[in-house]
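Each of the two complexes below includes subunit A, the first together with subunit B, the second together with subunit C.
Here is the complex of A and B:
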């Protein structure tokens, strides 16, 4: 029983990790929690659905299309909404991001309604071992998340643009002074994060369902993972995802599963009180 | 039609109480609250359950709603000790969702998604069915007036100045010898009590409450009211609450003219309109239609432009 819960937890964690990394990267440059991340994930799920079921493409093509399409949508949300408002207080931007999330969710509702959908995939028998079950799709999700984690690590650590991204997140003015074209770096960050949200949308469509609120249900676990790991720290986000993913599944042992969504909140509240800068984050400078 | 207008005005009244409470917490003191739906639900269920399950008189149950709102607000405010304002947003949102989840899942007590039927109404036996909605509107208007006077008195009092000081820079307020935490807890608790009151009045008005009413969306409408009206300004948000409700309700009539959209699509368009307007107002008139008098919020916040992380560290 608990072995199965741990498998579910790892799948859950793999679903949360890519967007948590993206959220963390975005927070580094934006300095406010972007509540629209769930809506971005939903966009990814629906683009993949439209390409897969609507246009009949194989899922891996649809998935790449979703990553590209979501990247563009997410980047446009910066160009049209957030960029003109840089310099406003975090709370103002937070309210704006919630409004944006509502707009995106309801634009999707306008075209697709509130029905629950799924990808056009052959039904597969789950693999069973030692009384536990896992589907081939779930294994794919776990492997791809690990690959993504390594790729983001390499990008940030060894490439020119990755170093520029870290420098900009650390201190935008200083990065600018050192000759980094920060507006280019910021646009690149949005595109990378958008691709990650798009991919998460595909994962969500595989493991959960496709509906206008699918991203909203993921928003809080994503926040919890990113805050738990230390906001602004991509490696922390990976660790945080694992802990939140497991915690959500293991609560089923003590509470009805309908309370799962509350777990993320409780983790956030307790953690912020005890260790506000997260497990791997740096304490902020106080005045 | 006039029955419809009366009912709409009553709902504007609930919105106004919630907006005044948020203005006290956020507009005047700078404490973010996205758990408005949670306090609203707490008030509605407290009064509803006490009157349905224990048969307490309505007057007392409504008062109890204020008390639970007060206690919940105080407890949530304790979290603000160490939280940056944007984290407080996540935690309060979480509070709201957890209240809703409990109302949804503990259905032996709350009736869950079936909805809790509440028969008791204040002064119901003194008036006939025709005039009663008008009486209830009067009751809600009275509640709005009382809340307005209390909030406005606080705003003009020395305490109001302290609250604005905390909003602009809590470290400075602390240095000036003000007990920042105590003020924050007082304000958040009082706001919670007002939201509880609004919830109780709502519960006895609609007489059937279910968890899906208390979605986080409620918080957005109230934030919209406060932002449209002008944060920190109590007169402005009375206007704001009216504007938001008019957009919400007014767009219902679009259906009579546009027949190629179904109800689901119309309601989607309604929310899209609200969202776009909210973003537009924040961009064009960030201080609202009627800005807060004298004290310039914008001037104080421009200093924060470059280093929000340091400015907001608590």
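Here is the complex of A and C:
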């Protein structure tokens, strides 16, 4: 069973890694924990559903549409909500993000109700090997997540905009003094992160069920992965996702499964006590 | 002798009238309308069923009002959506009790909602009528104001187990959503099949998880003939996807509330083969035939409208009991509910019109409903609902076994 649980953990990690990276990138630049990430994921799931089931598009086209649509929604949430509130404390922005999450969730309920939905895609039986099982769909999710991890690495290390993102995350004032258009960089970061949340919505719709709370179910593991890896560090978020994914699945070997939902909280609590900057994060120096 | 109205006597009289109206809110005054609350799960987990209960409540009230009401006055129906959420339900119940001054709150579906509003109803002297299955309901009903039109969940578990054994399954594994409704159902199932037929200890999962993979891995590891998963539709949809993806080829058994039309739409062809069970209406009953005519629904479509029929019966029974009691006082109405539903040697009636006519003619009646024959045990829990097992074939529910009472 443990071999299967490791596969399960890797699939879980692949689902939470893209939004954990996005959460970390946003935190790096804006310095507040955005609780609306779950709602962004839900938006992605519903846009993909509307395009796939409503408009009859193939799922890969609907997925691209969901990435683009969610990117716009997420960017608009900055323009309309967070930008006017820049300069407020992180706690204020956190509360605002919770309110935004509730508003988005209820707008979705208004149009779609609370029913369960699924993509127009038949469920797949697994490929079996050495007593373990995995579906082609899950292999696709793992591959896409690896590609995203590499793409984000290349973006941050080797492109002008990526370097500008890192500079802005490091010190926004200094970056501006050096001639970086930080408003443009921040908008670009929101759009990239929005696309990642949209893609996660598609993954979540495939893996779980499309309903107004689907993104909320992923929020705690995403937070746990980002905090474990080191909040603000996209590489840490990837590592954190793998560890949280495995920890959640392997828990059933030692604890009843009804305690599984608490694993994310335990990871957050322990990390904040013993290593608040996470595994790969840098401790913040206050002067 | 002349009487003089002094300021003191006017104040005393006014105060007494005000006090009487505060302390006896549920005693109907001559021409006052009778207020009744309907609190149904129009969205959330009970969303597929709530609107049918709501509509049934309204149909009965409209019919009775068109025939002159009860106790010579009309019925005002106040309808609220519980969203299948105890917090929302408690707020709605507050409004129904304190603002609308209702005699009864009818139509709660989820056990957590029924139990959540119970303290307020007990305190205010408000009758509750529900279709909830938690075994805690009769225990927490200290005043005898709760009447449940649904079998308790251990009964579901025992009935599904009997029907599953008839299908020839020899080994089982069980996993359930972690709540009272499903836990006690699992106990009922285990009681009938016997612990020796379970290949491992049964276990629970929480709703709202980010994945159900490890639970499913654990459930199917020893490859039992059948797995039984008492659940709600949201978590069951995710769990079933995972069961299918992990290649389990044994029999999946669940409850029909988890396998409705939305589940089948979300899962597609992979839903075929699932077996599910639910207490169902007595399909040969004249009351059920009337319900089908009143609603214009198809006579048989798998699970046969178990909650809409219960809504019709709840409102009919409450109004008959008020007429019988000659009062809206909760204790008198509760006593009258037994009188109009339970016991032998009475005139059987199948709808509220016949019932009101018989009561006004001084006859003793036994209301036999569209959801069941409506006989209550001493704790207000309905006795003897029929039970049905169906299999999903080509996206439709096909009845395969039936227990009739």
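Here, the second predicted complex is superposed on the first by the 284 of 287 C-alpha atoms of A that agree within 3 Å, B and C clash if a C-alpha of one lies under 4 Å from a C-alpha of the other, contacts with A are read in each partner's own complex, and residues count from 1 in each chain.
Keep in mind that, in the parts below, contacts are C-beta pairs under 8 Å (C-beta built on N, C-alpha and C of every residue); 3 or more make two chains touch, one makes a residue touch a chain.
A quick note: this is a predicted structure, and the numbers were derived from the prediction, not measured.
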Touched partner set for A:16, first subunit B, second subunit C, both or neither: second
Partner chain(s) touched by A:113 [first = subunit B, second = subunit C, both, neither]: both
First, second, both or neither for A:135, with subunit B first and subunit C second: second
Touched partner set for A:265, first subunit B, second subunit C, both or neither: first
First (subunit B), second (subunit C), both or neither touched by A:122: second
Subunit B versus subunit C as contact partner of A:256, first or second or both or neither: both
Touched partner set for A:4, first subunit B, second subunit C, both or neither: second
Those residues of subunit A which subunit B touches in one complex and subunit C touches in the other: 109, 113-114, 220, 256, 258, 261
Complex contacts: residues of subunit A adjacent to subunit B: 31-33, 81, 84-85, 87-92, 94-96, 98-100, 102-103, 105-107, 109-110, 113-114, 173, 220, 223, 227, 256, 258-259, 261-262, 264-266, 268-269, 272-273, 276, 284-287
Subunit C residues within the subunit A interface of the complex: 43-45, 47-48, 83, 178, 203-206, 208-211, 213-215, 217-218, 221, 233-234, 237-238, 241, 244-247, 262-263, 265-270
Residues of subunit B touching subunit A in the complex: 26, 32, 34, 79, 81-87, 89-91, 93-95, 97-98, 101, 104-105, 171, 217, 220, 223, 227, 264-265, 268-269, 271-272, 274-276, 278-279, 282-283, 286, 301-302, 304-306, 308-314
Residue numbers on subunit A that touch subunit C, as the complex places them: 1, 4-5, 8, 11-12, 15-16, 109, 113-118, 120, 122-126, 128, 133, 135, 137-138, 207-211, 213, 216-218, 220-221, 248-252, 256-258, 260-261
